[in-house]
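Each of the two complexes below includes chain A, the first together with chain B, the second together with chain C.
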Partner chain A sequence: MPPPPSLRKEPVAVSSVLGRRLLQSLVTLLVSVLLVFFMFSVIPGSFADAIGGEKRAVSAEVKEKLRTELHLDEPLPERFVHYLSDLSQGDLGKSFAMRRPVLDILLERLVASMRLAVAAIGFAVVVGVPMGFLAAARKGTWVDAAVMMLAISGLSIPGFWFGLLAMYLFALELRWLPTIGYGHGDLSHLVLPAMTLGIAPLALIARTTRAAVLQVLGEDYIRTARSKGASERRVVLRHMARNAFVLILTTIGLQFGSMLGGSVIVENLFSWPGIGALLTQAVAQRDIPLVQGCVLLIIVFFLVINTLVDLAYIAIDPRIRYS
Partner chain B sequence: MSAPNPILAVEHLSIAVDTAGGLLAVEDVSFDIRAGEVFGMVGESGCGKSLCALAIAGLLRPPVHVTGGAVRFDGQDILRMPSRQFRHLRGGKIAMIFQEPMTALNPLMTIGDQIGEMFVLHEGLGKAEARRKAIGALERVQVPSPKRRISDYPHQLSGGMRQRVMIAIALACRPSLLIADEPTTALDVTIQAEITELILELCRAQGTAVLMISHDLGHVAEISNRVAVMYAGRIAEVQTGQAVFQSPRHPYTSALVASMPQPGRRLAEGRHSLVEIRGVVPPLGQRREGCQFAPRCPRSDAACKAAVPPFTALQAGGKVSCFHHV
Partner chain C sequence: MKRRTFLKSSAAGLALTVSPFAGALRAMADTPLPGGTLHLVAPYGTALTSLDPHKTWESQDLVVSKAFHRSLYNWDTTGNRPVLDLAETVEASDDRKTFTFKLHDNIYFHNGRQVTADDVIWSLNRIADPALNSPGVSNVQPISGAQAVMDGKAKTISGLTKVDDLTFSVTFDNPTDPGMLFFDGSTSILPQEEVAKPEFASHPVGCGPFAFSEHVEGSYVSGKKFDKYFKPGLPYADEVTFTITDDYSAMDVAFRAGEVDATVLSEDAYVLYREDPELSKGLIEVAELFTRHMGLNNEMPPLNDVRVRQAINYAIDRDLVIEKLLKDKAIKATGWLPKTSIAFDATRQPYPYDPEKAKALLAEAGQAGGFTLDIMVTDSTSGRGVAEAITPFLKDVGITLNMTIADGAVVADAREKGTAMAWMRSAGTGPDPVVALRMFDSRMSRAAGNVFAFKDPAFDAMLDQAAAAADDAQRIDLLKKADAYIQDQAPVWFHNYNKGILAVQPWLMGATGNVTETAVLEVENLWLTQDAPGRG
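On to the complex of A and B.
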């Protein structure tokens, strides 16, 4: 006898989740574009002012010519409407300073930034998760205390300070790794920046993992698993790990998602040719289209990662799949 | 008073909670369960009945642990057994059902996998074979359309259905002893009897002894061959299910029976409230010398406050721990 249809829940379609996400993302994007655009119209100085810098005076005539050329003399709302209509056609505009399409510049820089972000989150997960796990397994012992001390240090030490110390130790003293630069994309150049960018997420992930493991180990179904005669190893691998991972996944996703934006300091410190370094440069030059492009990319990256996390949840957790 | 072939013998079991002082939660508990018997254990929350159950199943976790006594299962001292060997018994020969069906199942595993795990662990079956047998197990606990339900996740089932799944898991490998720790307390009243009946019927059919733990004396007395009444970490008395209800010998048990509501009695006796036992159960950490029930007991005297009363064997079988038993 089949149960009444109302009692059986059908799985949520992935497409509907994606659709809802997309809509939310569009709103987020629109608001942030608006914010960035008007913020840059409020802060003092324009590209025309910044081009000369302090040393070289640029004549008023040249400035005026530039302003007209870059449409900086048009009213703000008009510029915004232009920008939006270009944007809707996939045109991010041209960089004032480089005189090239913003999209091309971003794509060139994206590879370096992605390598850094992936390496950093990889480092944070591969080290942070086992650390948190170890702390939970040895709860209340000196191991637990030591891991949590390290985690708090990792969270509270500023990234650039950690980077400088690491640079001093591994590059200058031990001479194991290069100090700065991208090299030719070799791994040795990636190590220090990735560690510096990953240290705070690592600490947070270690703490979250510890809490998640302890929470799940206290659940009734873990006791049930033990009552079945499962070995401790099986209890941990088959019953605890997946449930704990559900709790950690959000943290990992959020940390990864904010990495492009968080890389500004690290990329500058290590002269890493990524989006973060590009953004600082663009801001200094008041290169509005380029700043807009960088910010957009950082936001899109965050939204994409979050959507992926949502999809991962649907794959892992049946309670979400059927709710 | 040990009858032939007890499947389980608990001897002077003591359990403590590790705190600054080290609190004894269960003291000197002894009883045995015969093969195929239904043995009830009653007491208020905090009296130590669940701790006894967890100790027998080897599931106590720090800071709670056994501090003395022995638990013999089929003659073997299981508390001193190597953990690997004990693990084999647990689930296989000694199974357990818990109070909360809503949280006792793994939310990320299908119920088929959760039942099947028993066959994988104890019979060494492969996944497909285990699944096939899981369908059979689900059928035995009368879950409708088991072939489809097998792929469901716990959150798709009602509380009663989940408890049926728990029963299917516990009885999958035909254990000799089932420990049921308040298996119906969290369920709707309408399905409580159904679930109890299911447990008893399946256990009777396969010769499984049951340790039925409950806070409901009437319920346990009705379904058990024998009943142990616990109060504040100790056994007050052990009698047959019928005797414990009809002629309780410990003042605590008789007070319990007297306090059970009976339709119409209050009006007939002209009372305005239900009968109650005055005073409260001493909280763990505030227990005293002598009989724990003494402060609330109408029969208590100086002797009760000085020493714990030893057990007196009753003529009709059973035992009672009271200087002035009824």
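On to the complex of A and C.
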């Protein structure tokens, strides 16, 4: 499939964007790796201290052997060099607790997390964008007020609380949907977690859409188009929607990019087998390689989505220049 | 009194002790109905660490493991003691150091191969293998020659001897109760040829009532009835599914929606269920083998003075804390050993709430002006919540509580390094009372368990005498005295014994309270009534 016209016109700008983004991403990743490694290495308590929790006593001998086996007794700089060396070869290490390669564990969990993130952002976009358009179109009316009130509520309600309320309503009272779990990957188990994860982005997207539409509606080119006799449909689709969408896309991109990291609470609440739930457990267990793997994945996902959004800007609006 | 006689009588006594809490033994008179799917919960984490029971430290994994694996012994939840499981008989030598076990002749692994003495010997050797670093190692360490294997000086444990295909003997260095060691899931008997396969940790093969079926990481694990299970007619259910979660609110909603057949409850949910006329019918209350306490650094002044430690115990109204904060989901501690321990002394009285006595003791210890007690707690009801609740009581006698909130690993680290002055903790104090009391053994380092740095040769001698006693009644009597001594020396503030609460649906039968871990259910005994959702 040939690239869109806008990309054909600006091949240099695209490669420049990609190059710059890659460089920025590498720096961001390195700093993140450094931060996560040192933070989890210098805070008191290690995997050997956390194992068994309060429930099961683990002998001192086992703990000591673990410290040696996992190199926890080695100097910090030495451990970091080993870690970077392994990382440069694509080796994220082995989980302390699960004793399996971190990469394998992450890949197992990524599918569930992506399903949830895509469903949540889909829900947010499909509901949020029309809500924003509606509010802009009915500016100053009770419709506008109601939509914005809903949007503020969506932003204000804590995710776990909304999730619990949704569970009570849809699972306990109405019995339409299951409460927790992944099921066998069926859609019914996806609905409530996706709604819960998507509610805050939905609110933000609705607000952004309303603001973007109102801003674009006041632009000269809209008035010009109308004065030239363009149909309202053409004005909305050709001139207004396309320009407003640059702003909306930024919000959608940022929200989607941060969904892996933001899914921690939702995944825990709904027993959803994703990266967020994995990260919680890894932090509690001081499973440093797994924490690092989760954090890296979350950052990479965010960076990739942001790069894609930047590229999408060019596709939507060729006037945007990145040089 | 002979050992077996004593065990029977103590079990009867314990059954009475537990009975008020295991009051919801459910519909045992009904005839079990086979079939259906059990929907249970693994409630202590958002993931399983490993399905290889020799490799996991987590209670969460052992909740699930019970469905797939079996050990030589099992915990009898009604008799409240370990009983033979894979082993049909056991004969003990007079000195209680050598035990000869004979396995049932109809035990099969899920791959169809019969379980033999070789499997038991191989499994116990595997646990001792230093390369595995198994958490079950403390359970095999007392076997003669196990230490040499653990130190890498021998390949096999010399104290394990095969007699024939179904018979083997285990020799210990000291008089021992093997049931206390070999009921734990970490000593499950595994098939060597399956363990050798790389996928074993994610696709376990055991000899338990259910054969592994599926594991969706972080969500659920399921199993199907094993038709060749060695106990005729068991398990009753065709399938079992464990939902993996640690969110008590979500578990509550799932239970109310009828999606799970049983679940453990938090303090807050316990109050709501207790007050609900329907839900209250399905509550099983279990006095677990855990002792919640405020650990004190016995080396750090002024806590190195027994009068100061006793003063702390007199200063706090525990009844009020248990009633108001813990919503009665706890039993007031009268010593270190919990109410369901075989060495619990029901006649012993707890420290009464007596602030005047506390002030007098502090004055005697030269602390009339009071002091600041630095305490590390986790951000939980049993941590920060309890610390906040006892602050005014301690203030009343002149002790200022200075609280630091940290996560569990940080508190554990400070505790083991001896830098913490005090901390809140729930310690496993059973089922073996000797192991529980060893936490105060002077010869144990902090890392080895004596985090209190309690040092008293007189207590060590009492404990050694109890451990070496050949007669069970004498042993228990000595342990009671040792526990009383610890209560008097007050190396900790004795708070409560945790009361685990299991909520059971009206359609689930055969559930009993397990004092070693409430969430561990005897899945083979569970069955569903005709109207259960699990039959839909």
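Simple rule for what comes next: the second predicted complex is superposed on the first by the 306 of 323 C-alpha atoms of A that agree within 3 Å, B and C clash if a C-alpha of one lies under 4 Å from a C-alpha of the other, contacts with A are read in each partner's own complex, and residues count from 1 in each chain.
Convention: a contact is a pair of C-beta atoms (placed from the backbone, for glycine too) under 8 Å apart; a residue touches a chain by one contact, two chains touch by 3 or more.
Since the structure is predicted, the reported quantities are computational estimates derived from the model, not experimental observations.
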| item | value |
| --- | --- |
| Partner chain in contact with A:112 - chain B first, chain C second, else both or neither | second |
| Which superposed partner A:246 touches (first chain B, second chain C, both, neither) | first |
| Contacts of A:233 with chain B and chain C, given as first, second, both or neither | neither |
| First (chain B), second (chain C), both or neither touched by A:219 | first |
| Partner chain in contact with A:280 - chain B first, chain C second, else both or neither | second |
| Chain B versus chain C as contact partner of A:61, first or second or both or neither | second |
| Footprint overlap on chain A, where chain B in one structure and chain C in the other make contact | none |
| Chain C to chain A touching residues, read off their complex | 44-47, 49-50, 55, 57-59, 130, 133-135, 137-138, 141, 150, 201, 216-220, 243-247, 249-251, 253-254, 256-257, 259, 290, 406-414, 416, 425-428, 445, 447-449, 517 |
| Contact set on chain A toward chain C in their complex | 43-46, 49-66, 69, 97-100, 105, 108-109, 112, 160, 164, 167-168, 171-172, 175, 178-182, 267-274, 277-278, 280-281, 284-286 |
| Sites on chain B touched by chain A in the complex | 57, 59, 87-92, 95-96, 98, 100, 103-109, 117-118, 121-122, 144-145, 148, 153, 155-156, 166, 169-170 |
| Residues on chain A engaged by chain B in the complex (per definition of touch) | 1-3, 8-9, 219-221, 223-231, 234, 238-239, 242-243, 246, 316-319, 322 |
